[in-house]
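First chain A sits with chain B, and in the next complex the same chain sits with chain C.
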Partner chain A sequence: MSETLLDIKNLRLSFFTPAGEVKALNDISIKMNKGDVLGIVGESGSGKSVTSYAVMGLTAYPGRIVGGTIDFNGHKVHEMTEKEFRKMRGKEVSIIFQDPMTSLNPVYTIGNQICESILLHDESGLPKKELKKKAKARAIELLTLVGINEPEKRLKQYPHELSGGMRQRVMIAIALACEPKLLIADEPTTALDVTIQAQILELMLELKDKIGMSIIMITHDLGVVSNMCEKIAVMYAGKIVEFGSTDEIFYNPKHEYTKGLLKSIPKLTDEEKEKLVPIEGTPVDMLNPPKGCPFAPRCKSCMKICIEKMPPYTDFSDTHYSACWLTQKEEFLKEEGNN
Partner chain B sequence: MEKLIEVKNLKQYFPVSSNKMFEKKYVKAVDDVSFYINKGETFGLVGESGCGKTTTGRTILRLNKPTSGQIIYDGVDITKVNMKPYRKKMQIVFQDPYASLDPRMTVGDIVGEAIDIHKLAKNKKERKEMIVSLLEKVGLNSEHANRYPHEFSGGQRQRIGIARALAVNPEFIVCDEPISALDVSIQAQVVNMFEDLQKELGLTYLFIAHDLSIVKHISDRIGVMYLGKIVELGTSNEIAFDSLHPYTKSLISAIPIPDPEISRSRKRIVLEGDVPSPVNPPSGCRFRTRCPHATELCAEKEPEFVEATPGHFVACHYYKELKK
Partner chain C sequence: MTKYIIKRIALGLLTVFIVATLTFFLMRLVPGGPFLSEKTPSAATLKALEEKYHFNEPLSVQYRIYMENLVKGDFGVSMKRKGTTVNDIIAKGFPVSARIGGLSILISFCIGVPIGTYAAYKRGKFIDKIIMFFATCGIAVPSFVVSTILLIVFSGWLGWFPSFGLTTPLHYVMPVTALCVYPTAYISRLMRSSMLDVLGQDYMRTAKAKGVGQFSSLFKHALRNSILPVVTYLGPLLAYTVVGSFVIEKIFNIPGLGRDFISSITSRDYPVIMGTTVFLALLLVAINVVVDIVYKIIDPRIKLK
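The block that comes next holds the complex of A and B.
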């Protein structure tokens, strides 16, 4: 059951900009089993997208992996060449981008774009004509799967003729064309309305069970992860500051950033009007990150050591760990008490 | 309670090109909307994109010329008057802090522009003092006045946008999705600032957003819009917990709640399809094409906007039956 699909170990990734090296990912380790739904939350610039792009080999210039390993489905991703990536992308791992308005090509029909990845990854060796017929049949099947009515008519339409929700469905159809093992969803519903968001999330979960794929859900919306995911990684300034199951993160958060994040969002279910507790300060400047814990400048319970040294991970259960000196201290005192 | 703003049967149509010659087509962005906002109150408008909430806000400020209807500000009909004296009283904070600040002006000039136009400062020194005190009000400081917008983060830029709105000492501010472009951890800062400023300066807000949880948090009363019409209006708790209109119900059930236990046990009403085009809205009730309870009556007759309980209005033929 728990077969490892994705294993990222100590990944470091930097962007070498004219202004200096930006350490976008700083020692990231994630392990994912088959069939898992992992949520990555964090604010913009925290490195959540960069992590998943690295898995697909989509790191944009001037970014480069400077250390660590990525094992995905038997591939050593960190050593792969562009040619090998082309074989893997779309077939074993695919991605849905945030904005369906810009991620479809406006000058090709929907059908053309869905068939593209089917044709690219076909290994049956059929003659071209038959292959095209097969791809078209598959495209219709996919559009039906993602809940688009009149699929045959849609195949001939261009992206601008469809609404936002429909376009995102088309994106999902393209992503699923070759039944990938891993689907990366990079803020798939941020650009959509809530009622459409509910449709898309429902669809993704349904398809996950049908096809048996794993999903990495990148989002800044804690509501979405609580609905969808089993495990959550909270990222801050290129670090995973806390990792745990959904219940552990929501009911027993250990890192000050996670706690702050949970307190700062209003809940629709609260009857009384309570004042929100914001996280003060601004996100980190990644060009000049602080020496110690990146969250220290905004942390309410910042200690001396936080500014000087990066905290190591403290384990709370098999799945739950966080990087904070406070919990280190608690653990230490506990042990001291036991002795 | 004194009404500061009252909108009566407001309509805002935009002409669109049609395939046929001599046939005029309109996007009915706002179609017969009426509501009022009390002094010192926050009135929230929610709805999906394209439902006309932003247009409503802009038309109230007369940034659009209303097709018909009345806008009454503090007892005076401002639908057709010269707006200049009212610009000092009514201001707006825009959605995108990256697009709404002129990149070639310093922050001091952006905030000071309104002071110059309305001649609020006697001399340069006073102008500078005003700018500094405005920046301090929104949590920035005097040294920020000489910098340019690109040097600021999203949250700080939105603060500049708010300082600009406050420059003329307004009574009423339209907040048009002021936090949806910001990071989650920054959103709470800005929401709190809106609340603090309201208390301090006695402001009245029209708060427009698509995120019902934020709107519920900040608003006293909420109007829910769908395709150019307000379908339900009530206090924020009435909307969140005792909603009557099937659209409001499905909207609330569609919002992901950041609490795993609640979201697991909750039953979601997933609406089928997309919002219809506002050029050809459905006959009768506009929500009927997506409504799970629609009948023939809904297609024939447009439901009236009735007062279900004091202060709680709804436009649905079957709200009484659905309540059971």
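The block that comes next holds the complex of A and C.
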């Protein structure tokens, strides 16, 4: 199971806006194996979605990859043309979007939208009539798979006739139509209420094992990640500031930003009057990013060097690394002590 | 659905009744009359005429008589063109105007929609700016100017098309073109702005993520969502256009209904004024019902109640 599925190396992606170049992704490297569930966490604008959209070639105008490579399932994604992307999207990699209320086309039936995905990537070469029959049967199968009752009836319904949770299930059905190798879930539960959230996440994990796919879970909800993911990438201002296994991130966070994030989640064991600790300050202006560590202006342990120079990554284990001068200092002192 | 249509037709007939009533009384409030001209007829003739057309009776009686005939489908007899019934005038003029009007609306729709879509797809690019420049010109230039230019160039200088009448297919080219310009320009602008809105929607991103191609994404996923404003505009426009354009029919000397409409007003030909107005109202009401049904077909979220 340790075959590499996705290998992003030193990816740089910028949006060329009239106000100037916005470096949305700055030297991102992510490696994912088959069957992995990777969580990408970070606040709005940190580059979570941009990273995953880049894998699908969905980067919105005026964004462009300016450096680095993306290898996915044998494709060199960074060199692919629109035509090649079209073949790959929906077949090898699928995505579920945040808002199921607006992500389905309101004027076509559920059946039409699921079948479209199946028909687009069909290679059986059957005559049209049989193909349509086959697609319909597959659509019913998919709806049953995602736990929608009366699938035959639902096929003829329009998105506005379904609830939010149902629509997200339909989105999942569309995404799974061609049994993709990788499913990108872009905050799939943010727009749903809490009970439905749990159901949808459960469903995704269940289907992951059934189909044998990998999942990238984009979220700003650490609770979601802790339940689902094996590995977590914490992003801030277009950089991965810390990467590690779920245990490493939750029990042994190294970056000040990760620590801040963990402090801002409410715990059931907390005393009643205990206050949550927010991370003070505002996200960086991506048009004029700071020279040093992007988190430095909000960091309580900021040092002089943090403002001047971007910290390199420090490895703590095979899977755990972070970019912070504080940990560099620890390493430095440790080495001093050894000598 | 059936209940809705019945309700709409009933409401429509009420509208037509109100239009007819208002027109009847407003028309009579305007000074002048059908028998007044430079050569005033003798008192005896006038009296005879007034009796013939019930002008000596009180207005309420005249109104009752007119309405009774209207319900029977009889629009009366023209006061200016002897022996011609209003039904005849409509039956003769409407097909001519409808052919020209219908053709021009069809062409406007077929050109305006793809052009607007294309401009939206290429938003901000040079081609978009070119299209929008011509669309703005098309809206700003009145049809009589377009007609005149067409006449000078294609009839006068080049001699390609006949300048008046409506006998051969060649005769249709210039009037239809002149009538097309404004709606085409307007539809392409409407289509562009509505399309731009739709292209930014989440479901367009979903379509792309499914692997849907550019063409299918535009013409399957986006078009059906963005065409509603065009349908809204097209309904009433169609009604107004098929009853004829006074300007175009005058310039190209086409025997359409549009000319009768205007000339009946200047000559106070009461039955013709009433007839053409009620006819237009009927048409508008009918087209609006059709537009509502088309809405429902295009967008299933719309509920007809």
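Of note:
The working rule: the second predicted complex is superposed on the first by the 336 of 339 C-alpha atoms of A that agree within 3 Å, B and C clash if a C-alpha of one lies under 4 Å from a C-alpha of the other, contacts with A are read in each partner's own complex, and residues count from 1 in each chain.
Quick note on the criterion: a residue touches a chain if its C-beta (ideal position, glycine included) is under 8 Å from a C-beta of that chain, and two chains touch if they have at least 3 such contacts.
Predicted model only: the values in this text are computed from it and were never measured.
Superposition model on chain A: chain B and chain C are shown accommodated side by side without a clash. After overlaying the two complexes on the shared chain, residue contacts for A:A19 are found with neither chain B nor chain C. Greater residue coverage of chain A by touch, when chain B is weighed against chain C, goes to B. Applying the stated contact rule after C-alpha superposition, one finds that A:L58 touches chain C and leaves chain B untouched.
In the superposition on chain A, contact of A:K87 is made with chain C only, not with chain B. When the shared chain is aligned, chain C comes close enough to touch A:F97, but chain B does not.
In the superposition on chain A, A:G260 makes contact with chain B only, while chain C stays out of contact range. Of the two partner chains placed by superposition, only chain C is touched by A:E116; chain B is not. Minimum Cα separation between chain B and chain C in the superposed model: 8 Å. Counting contacts by the rule stated earlier, no residue of chain A appears in both its interface with chain B and its interface with chain C. Residues 48-49, 153, 155-156, 183-189, 191-192, 195, 210-214, 216-217, 237, 240-241, 250-263, 268, 270-271, 274-275 of chain B touch chain A in their complex. The part of chain A that touches chain C in the complex is made up of residues 56, 58, 82, 86-91, 94-95, 97, 99, 102-108, 116-117, 120-121, 158, 160, 171, 174.
Across the interface of their complex, chain A is touched by residues 201-203, 205-214, 221, 224-225, 298-301 of chain C. Chain contact summary for the complex, chain A toward chain B: residues 43-44, 163, 165-166, 193-199, 201-202, 220-227, 246-247, 250-251, 260-262, 264-271, 273, 275-280, 282-283.
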